[in-house]
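In what comes next, subunit A is part of two complexes: it sits with subunit B in the first one and with subunit C in the second one.
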Partner chain A sequence: MRLTINGKEETVSDVVNIADLLKIRGIETPEMVSVELNSEILNRVDFETTQLKENDQIEFLFFMGGGQTRG
Partner chain B sequence: MELNEEQIHRYSRHLILADVGIEGQQKILEAKVLVIGAGGLGSPILYYLAAAGVGTIGIVDGDVVDMTNLQRQIVHFTSDIDRTKVQSAKEKINLLNPDVQVHIREERVEADNALEIISGYDFIVDGTDNFAAKYLINDACIITKKPYSHAGILRFNGQTMTVLPGESACLRCIFPEPPPPDAVPTCSQAGVLGVLAGVLGTLQATETLKYILGKGDLLANRLQTFDALKMEFRNLKIKKRVECPVCGESPQITSLIDYEQTVCDLKL
Partner chain C sequence: MKISKGILEMIYEQAEAEAPLEACGYLAGKEDVITSHYKMTNVDKSETHFSLDPKEQFQVAKSVRADGSDLIAVYHSHPASPARPSEEDIRLAHDSSIIYVIVSLENEKRTCGAFTIKNGMVTPEPLDIV
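And now, the complex of A and B:
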């Protein structure tokens, strides 16, 4: 299946839903990611049930601003 | 406010810009901007806003300068270690541009002081480094309808967005809730290349000045991301969500929440 992920066209196999995609992309901390599918932000609870289809556009948006270091 | 001779000199490169001019410079001199966090992002924000002549700059920060700050927090010098960040920053601004009135508050933004702290300012800049403060600032700005600039930096990446309450997407439209504290393993791989603060903070200062001037297209409904390793800027379209917990049609969040702050201890 051809998908556009973070602006780059990629071909992926064995991917049915968003949760699968997070897994094969090696994203270890899905809690730190929001997913935009065809310009709509998905609810986290829908990651497993949102089916992907040919030519979908996906953006992974990462939380930034944690990891404050105390020297 | 009439510009005096010295100001005509100082701001001459603004005055010859068609989109600034005397009228724009007067707007800048009359503007009141609050910068929350006098750290990595706050440093370039404060320097550029002060140099541009923003008439009133508020600075909020409860920390003192630490040796580990100096790698990226360029408003503080080695001789400032152990001084309060607000004092150190105020001193630099005063030296850079005596036109600027600096109001400092040596404290953290919290649920019980945030609304009062941001009141009286035209534009708020989030230069903080933790989720608790970022959500607090977002919610406080949405509740009181203050435009603000959000940014975050981590490792070699950064992102920023300008929020116009009621008009554009907010932080919770993208990330409805902060990540659970135990899901921030990024602490173990945290750290940031110092210049990221410079790149993102400078973008925030740019947005602030555009807002004051009323010129150009603000970074609203867009998230600007920067990847320093790939040297790639991306501009993602973001939509305001009707189900957003704070700016949506039926918001569940109507007062401020203090979240637990994740702090990493650096073990060397």
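And now, the complex of A and C:
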């Protein structure tokens, strides 16, 4: 299946849904990743149920956050 | 990582303007040279915490890519603590490919540090201010 992932066209196999894609990309903490599918941001709970299709455009990036030490 | 005095100055100015809240943003460029600075919204609006807005993150990521650059670093301010990753920073650092820059305003003194964080291990990143 041909996909555009973070702006690059790629051919992937054995990928059915978003969770599969993150797994083959080596993402160990999908709960810390935001995903945009065809310009729509997905809810993380939908990663396993959102099926991919030919020519989908996927963007993913890590949650960024933190904080200073209190006191 | 190389960063100009001008871009660093803009980050300090943002941090001072947004204090006591934490300020945050992205730094982009090519290889290890920072050429662009993107102020981001701290959606937590907190004095002790920050989170980037995913919608803004995607917009900046696409803009940086369209410019032929890469996202090199993410920065945030510590208005009242040192320029090093807190336990919370380390806990939430899941992107081992990005450099984490922290600017501190502790005791009204400007300091900064750059780090990579992988599997909870913090490694200082040389910061060349040019």
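Everything that follows uses one rule, which is that the second predicted complex is superposed on the first by the 66 of 71 C-alpha atoms of A that agree within 3 Å, B and C clash if a C-alpha of one lies under 4 Å from a C-alpha of the other, contacts with A are read in each partner's own complex, and residues count from 1 in each chain.
The rule we apply is simple: contacts are C-beta pairs under 8 Å (C-beta built on N, C-alpha and C of every residue); 3 or more make two chains touch, one makes a residue touch a chain.
For clarity, every value in this text was computed on a predicted model and none was experimentally measured.
Asks: Thinking of the overlay built on chain A, is A:Asp20 touched by subunit B (first), by subunit C (second), by both, or by neither?
Replies: In the superposition, A:Asp20 contacts neither subunit B nor subunit C.
Asks: Identify which of subunit B and subunit C touches the larger number of residues of subunit A.
Replies: B
Asks: Check the residue A:Thr29 against both partner chains and state whether it touches subunit B (first), subunit C (second), both, or neither.
Replies: A:Thr29: touches subunit B and subunit C.
Asks: Please indicate which partner A:Gly7 is in contact with in the superposed arrangement: first for subunit B, second for subunit C, both, or neither.
Replies: both
Asks: Would you check which partner chain A:Ile41 touches, where first means subunit B only, second means subunit C only, and both and neither mean what they say?
Replies: Both: A:Ile41 reaches subunit B and subunit C.
Asks: Can you pull the subunit A residues that subunit B and subunit C both touch?
Replies: 6-7, 29, 32, 34, 36, 41, 59, 61-70
Asks: Any idea which subunit A residues touch subunit B in the complex?
Replies: For subunit A paired with subunit B, touching residues are 6-7, 28-29, 31-32, 34, 36, 39-41, 43-44, 59, 61-71.
Asks: Quick check: in the complex, which residue numbers of subunit B touch subunit A?
Replies: Touching subunit A: residues 66-69, 128-131, 134, 151-154, 157-159, 173-176, 178-180, 183-187, 190-191, 223, 234, 236-239, 241, 243, 261-266 of subunit B.
Asks: Contact residues on subunit C for subunit A in the complex?
Replies: 22, 24, 44, 46, 48-52, 54-55, 57-58, 61-62, 65, 74, 76, 78-82, 85-89, 91-95, 98, 100
Asks: Give the list of subunit A residues in touch with subunit C in this complex.
Replies: 6-7, 29, 32-34, 36, 41, 59, 61-70
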